[in-house]
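See structure below.
The chains carry the letters A, B, C and D, assigned in the order they are written, with residues numbered from 1 in each.
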Amino acid sequence: MAEKMTYVEASREALREAMQADETVWCLGEDLGRGSVFGQYLGLQEAFGPDRVVDTPISEAAIMGAALGAAMVGTRPVVEMRFSDFALCATDELVNQIAKARFMFGGQSRAAMVIRKPTGMWRSSAAQHSQSLESWYTHIPGLVVVCPSTPQDNYSLMKAAIAADDPVVYFEHKNIWGMEGEVDRSLAVEIGKAAIRRVGEDVTIVSWSDTANLAEQAGARLAEEGISAEVIDLRSLWPWDKAAVRASVAKTGRLIVAHESVRVGGFGGEVAATIAEAVPGARIRRLGAPRSLIAYAPNLEDQMRVTVDMIAQAAREMTND
Amino acid sequence: MAEKMTYVEASREALREAMQADETVWCLGEDLGRGSVFGQYLGLQEAFGPDRVVDTPISEAAIMGAALGAAMVGTRPVVEMRFSDFALCATDELVNQIAKARFMFGGQSRAAMVIRKPTGMWRSSAAQHSQSLESWYTHIPGLVVVCPSTPQDNYSLMKAAIAADDPVVYFEHKNIWGMEGEVDRSLAVEIGKAAIRRVGEDVTIVSWSDTANLAEQAGARLAEEGISAEVIDLRSLWPWDKAAVRASVAKTGRLIVAHESVRVGGFGGEVAATIAEAVPGARIRRLGAPRSLIAYAPNLEDQMRVTVDMIAQAAREMTND
Amino acid sequence: MSEPGDDGDNRARSIALLRMMERIRAFEEQAILAAERDRLVLGAIHPSIGQEACAAGIMQALRRDDILLATHRGHGHTLAKGADPLAMFRELLGRAGGCCGGKGGSMHIADFNVGMLGANGVVGANITIGAGAAHGLKLMGSDRIAVDIFGDGAVNRGPFLEGLNWAAVYALPVLFVCEDNQWSATTRTRTVTAGEGAGARAAAMGLPVTTVDGNNVEEVAAAADEMVARIRAGNGPEFLHAITYRQTGHTSFDKAAYRPEGEAERHKMEDDPIARQRAFLAGMGVRSAELETIHAEAQAEMAALLKEAAATPFPPDDTAFTDVQDIGSPAKEAF
Amino acid sequence: MSEPGDDGDNRARSIALLRMMERIRAFEEQAILAAERDRLVLGAIHPSIGQEACAAGIMQALRRDDILLATHRGHGHTLAKGADPLAMFRELLGRAGGCCGGKGGSMHIADFNVGMLGANGVVGANITIGAGAAHGLKLMGSDRIAVDIFGDGAVNRGPFLEGLNWAAVYALPVLFVCEDNQWSATTRTRTVTAGEGAGARAAAMGLPVTTVDGNNVEEVAAAADEMVARIRAGNGPEFLHAITYRQTGHTSFDKAAYRPEGEAERHKMEDDPIARQRAFLAGMGVRSAELETIHAEAQAEMAALLKEAAATPFPPDDTAFTDVQDIGSPAKEAF
């Protein structure tokens, strides 16, 4: 049933299947005919033609705005933003227009679309090509926010995102395009349901995107040391699986939230605050990037990283006292 | 010493004085020659001429981008965005360019400027003219974030913002332009220092912008009921006065954070999470807008509001058990 | 479109154009009264008084299933596209039964039933959205077209360039209309617009440009007919530059004291599109009694509808949480 | 600028142009080696091989205190503006002493000492920033000017319109340069650009436009001299459209298999700006030994500098927290 696939292949396969099944699904972005920067679209223009896999000008605002217009008349666009940083060139279109189109017009229309934003640090790409801004979009009513961390999830969640009648902001992590894993095409994942990557008793570690992979490694390392960590990959930030996290922290009494994005104002604060309100007495710790910029030099870039070591160390400290 | 001034007059006076004292200070935005939408610039073009109070085209991206270029060669621009919502048309310029200009180029330049963003709900302005997005900018290294709530603070903080060598995102609340108060021109306020609006023992209420005024009213009402609330107006969100909040919650054991912006992903989460980490055992509660959009009809708009009643009620509940 | 020489048809059409302009004017006069006198409209409204010829002239060239996107100054376009004025008044008053359920108000007026996909509160934002609507129509093999209306101030925003280039690159069925009332809020647009302005910029992106006297409804209608026919036939996007004038302030609250004395008065006296069409019809032999009837009917219609709207209740409170999103809807959110 | 008839000066200048192009080429060839062979450059680099005439021809027209803003493909412009190639190599390698302290890398190369205010990783973003730099200069009453270089792909982004309009409205001292290498990453720019392209769009915003063969360094230099003189004299912004060709892939990793076979080869053979300038100089009587020396010196200079850069340590770890901001600096943040 399951096939070996990389992370980049997984969402490409999901997109291909969706385009085969529904001819109103199409994609638009720069250089798509050559696969885009990371090969996410390789072969799709050959398969579906240049009208459904559209090479666009360097016009992020128009890519995003046009997708809304096209969604309003009944097509289902998949928007490629290339680097999540460039999506900032289309913020009015996403936040003031797409997120509000259904509500503002009293439910007369929907903006069913997927907005793909490759995210995160990727060796020495420096300040304008490395950001993780997923927390912004959780703050915008109307938007769904998805952050897959494995090939299987990138397959299943892409399918769910394309099928959704809402605008879905879809963050793929640039560092794991080549990550291999088993993908079962029949496996559906509901947006809003976390994956429990490891069951444990002593401490709950919540994360998403590539950091969830680091959290899982930290969990394994801690197990060797006799610390039993429950590792939760949220997979989506809006909606997010509060019930799973709450149940886990109710059991462990300790919460670590770890993410690659800047700690200040990051979604870790939302998770931590929610649990602080809901599970009085829980011990809470957040890990995220310092509030500085991502530099080019590798050693400086590394200063911004949340690592397996840091997660494990936080768990040791919390379970020690 | 002190004069009566409205909130809008206070920052206008601060700007006027700064322009008198330093000829590199100038301002740019749409319709400034006629005072802009809310009269924030009334009389300034007459006083300083059209080269220093610049009427611009409707080009938010260019207003913001040009301000950066002009800052890099040594002028000190004050940027008017009219409604904070429209600033989203210049997000690349603010977040990828201005916030990063100093760091990315290794400290060779600074981007000393003030970016004014009138914010918040103002009767029936609907979804595209009512947002409070201050929490976004706390997440962006390089930016300072200021949210004054009184005429005095709007005077003193505007002066501090113009004097700063950093880019300062400056949120004035549209609902209180006409608010009157005593302004002492000799009073300096340091960005990052909270105002303790009311001293109390039972519960700490943290807020900013116009909601701080509601929190103060709630504090007064609670006092009549025998509940002693400490009311803290953060005044700036980055940096924010963690020490003051921590000391207060260490005393009261209870924290309420209240803000007009959407609760999910809002800066209340940052405050709550920080205190949850730093003051174990503190009881925590956040108030913010539901994750829905701001509608035009007044009764629907009201559903999004955090009110004096809600703040007081939360304090009652927390101090009751 | 009418056959040449078909005088009865021409006359009927010219009368219909006048009637639509009178209805738009009456609608907005009532809306202003509702705002100023009755304090029933709480948000800002942006009247298009003096600009009715654009709405009437262009919309008559469209089919009901064609798509329209407009600006904050969109009452006229919406009404002319066929929206129900009662639902529009209810929307301006934030009432139940408003065309957006009271959620949008004047600045976001829309009626998807007649293809009106929304006014927009962000200057220029509708340009790329309209291009995209046309893109969607073309992808689906439809013969519907899109019309995208914006002001002279919008030509200085990036989406103007991105949206026009987009439409031209993909040869999309969209008519762009710059409704040039010469003012951007309190700023005279030409003082902040370099070069020859809207038309020159569109031409530089390869769009055929037609410039019309935007206060001559017959001229607007004739140009729109031709352009729409070409666009529907698959010849790609075109650009209509209609020169008009904003007779009121920017909003109904704005006294527009910044305008040179007499400028607005001169336009009202000499260049009002309704007065001009009345004169044109009088020249065609239409009797003034008939013209008066058209005027009076429009006034009566709109006054009655405003009253009816004002008697409508506000929307149910819980609609503040509906139609946000399906997944993670605030109506369902728990914890 | 040289006097007509002053042959010695002309010759010296033509040789200087060649020398600068040879140095840029040598710099980038070494940079590519450092990336591919040595794995010393971890981020992407965007070579400007084949486009050196623009950098050399334009920068020679500027003063050291004039301002320059460039794109991701900015090594050549930066070097020609007078930046120190050792500091540039160090930056590409992310080392201490890099011109941005190792924080920017290739895509953000900058040297404020010579007025080079930065390459930019966002296509088109430098257009409004450059207009603003010129705005600042004008406000301060300076006679310095700004030069703003971008690619053909940038003309489809909104900031192109907003920045050019801005500069024209305020008559700012800025030279906009579209360095048109005909490709936008893997897309042929003309397939996504409607109308006549860059020049026509600039002209529509009222800017005087000059189009040059961007691979003829003498022609570029002569045009730049004239334009810069007019701009410095206060005549407002101008637009230079320089047609050139990107001989490499988009980045040093890109094999550019999407290009029609032979296209790049033809350009390398027939239209290389360095080869053309060598031929021009040979025609002027410069001996081939002298030309070879210029080439060899450039090669030797850059090879030695790369070695030196590679021997430099990485920046101190704690510089990751400096130069972020004064107020609320991460270096000071406590709790």
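Observations on the model:
Note that in this section a contact is a pair of C-beta atoms (placed from the backbone, for glycine too) under 8 Å apart; a residue touches a chain by one contact, two chains touch by 3 or more.
It should be emphasised that the depicted structure is a prediction, and the values quoted were computed from it without experimental measurement.
Omitting chain D while holding the rest fixed, one finds the remaining chains still held together by touching in one piece. Annotation: B-D is the more contact-rich of the chain pairs B-C and B-D, by number of C-beta pairs in contact.
Once the centre of each chain is set as its mean CA position, chain B and chain C turn out to be 36 Å apart. Mean C-alpha positions place chain B and chain D at a centre distance of 40 Å. With centres defined as mean CA coordinates, chain B is found 30 Å away from chain A. A separation of 46 Å divides the Cα centre of chain C from that of chain D. The residues of chain D that reach two or more other chains are 98, 100, 102-104, 108, 120-122, 156-159, 162, 165, 169, 191-193, 324, 328, 330, 333, listed in rising order.
Across the assembly, chain B contributes 56-57, 59, 61, 85-86, 89, 92, 96, 103-104, 126-128, 141-142, 238, 274, 291-293, 295 as residues in contact with two or more other chains.
Viewed as a network of touching protein chains, the structure reduces to a complete graph with every chain in contact with every other. By the touch rule above, chain A contacts chain D in their complex via residues 30-31, 33-34, 55-61, 85-86, 89, 123-129, 290-293, 295-301, 303-304.
Listed in rising order, the residues of chain D touching chain C in the complex are 156-162, 164-165, 168-169, 191-196, 200-201, 203-207.
Touching chain A in their complex are the following residues of chain C: 67, 69, 98-104, 108, 110-112, 117-118, 120-122, 125, 127-137, 139-140, 146, 158-159, 162-163, 165-166, 169-170, 322-328, 330, 333, 335. On the chain A side of its complex with chain C, the touching residues are 24, 26, 51-52, 54, 56-57, 59, 61-62, 64-75, 92-93, 96-97, 101-109, 141-144, 164-168, 191-192, 238-239, 242-243, 246, 274, 278.
Remark: chain C residues 42-44, 91, 94-95, 98, 100, 102-105, 107-108, 120-124, 153-154, 156-158, 184-187, 191-193, 258, 314-315, 317, 319-321, 324, 328, 330, 333 touch chain B in the complex.
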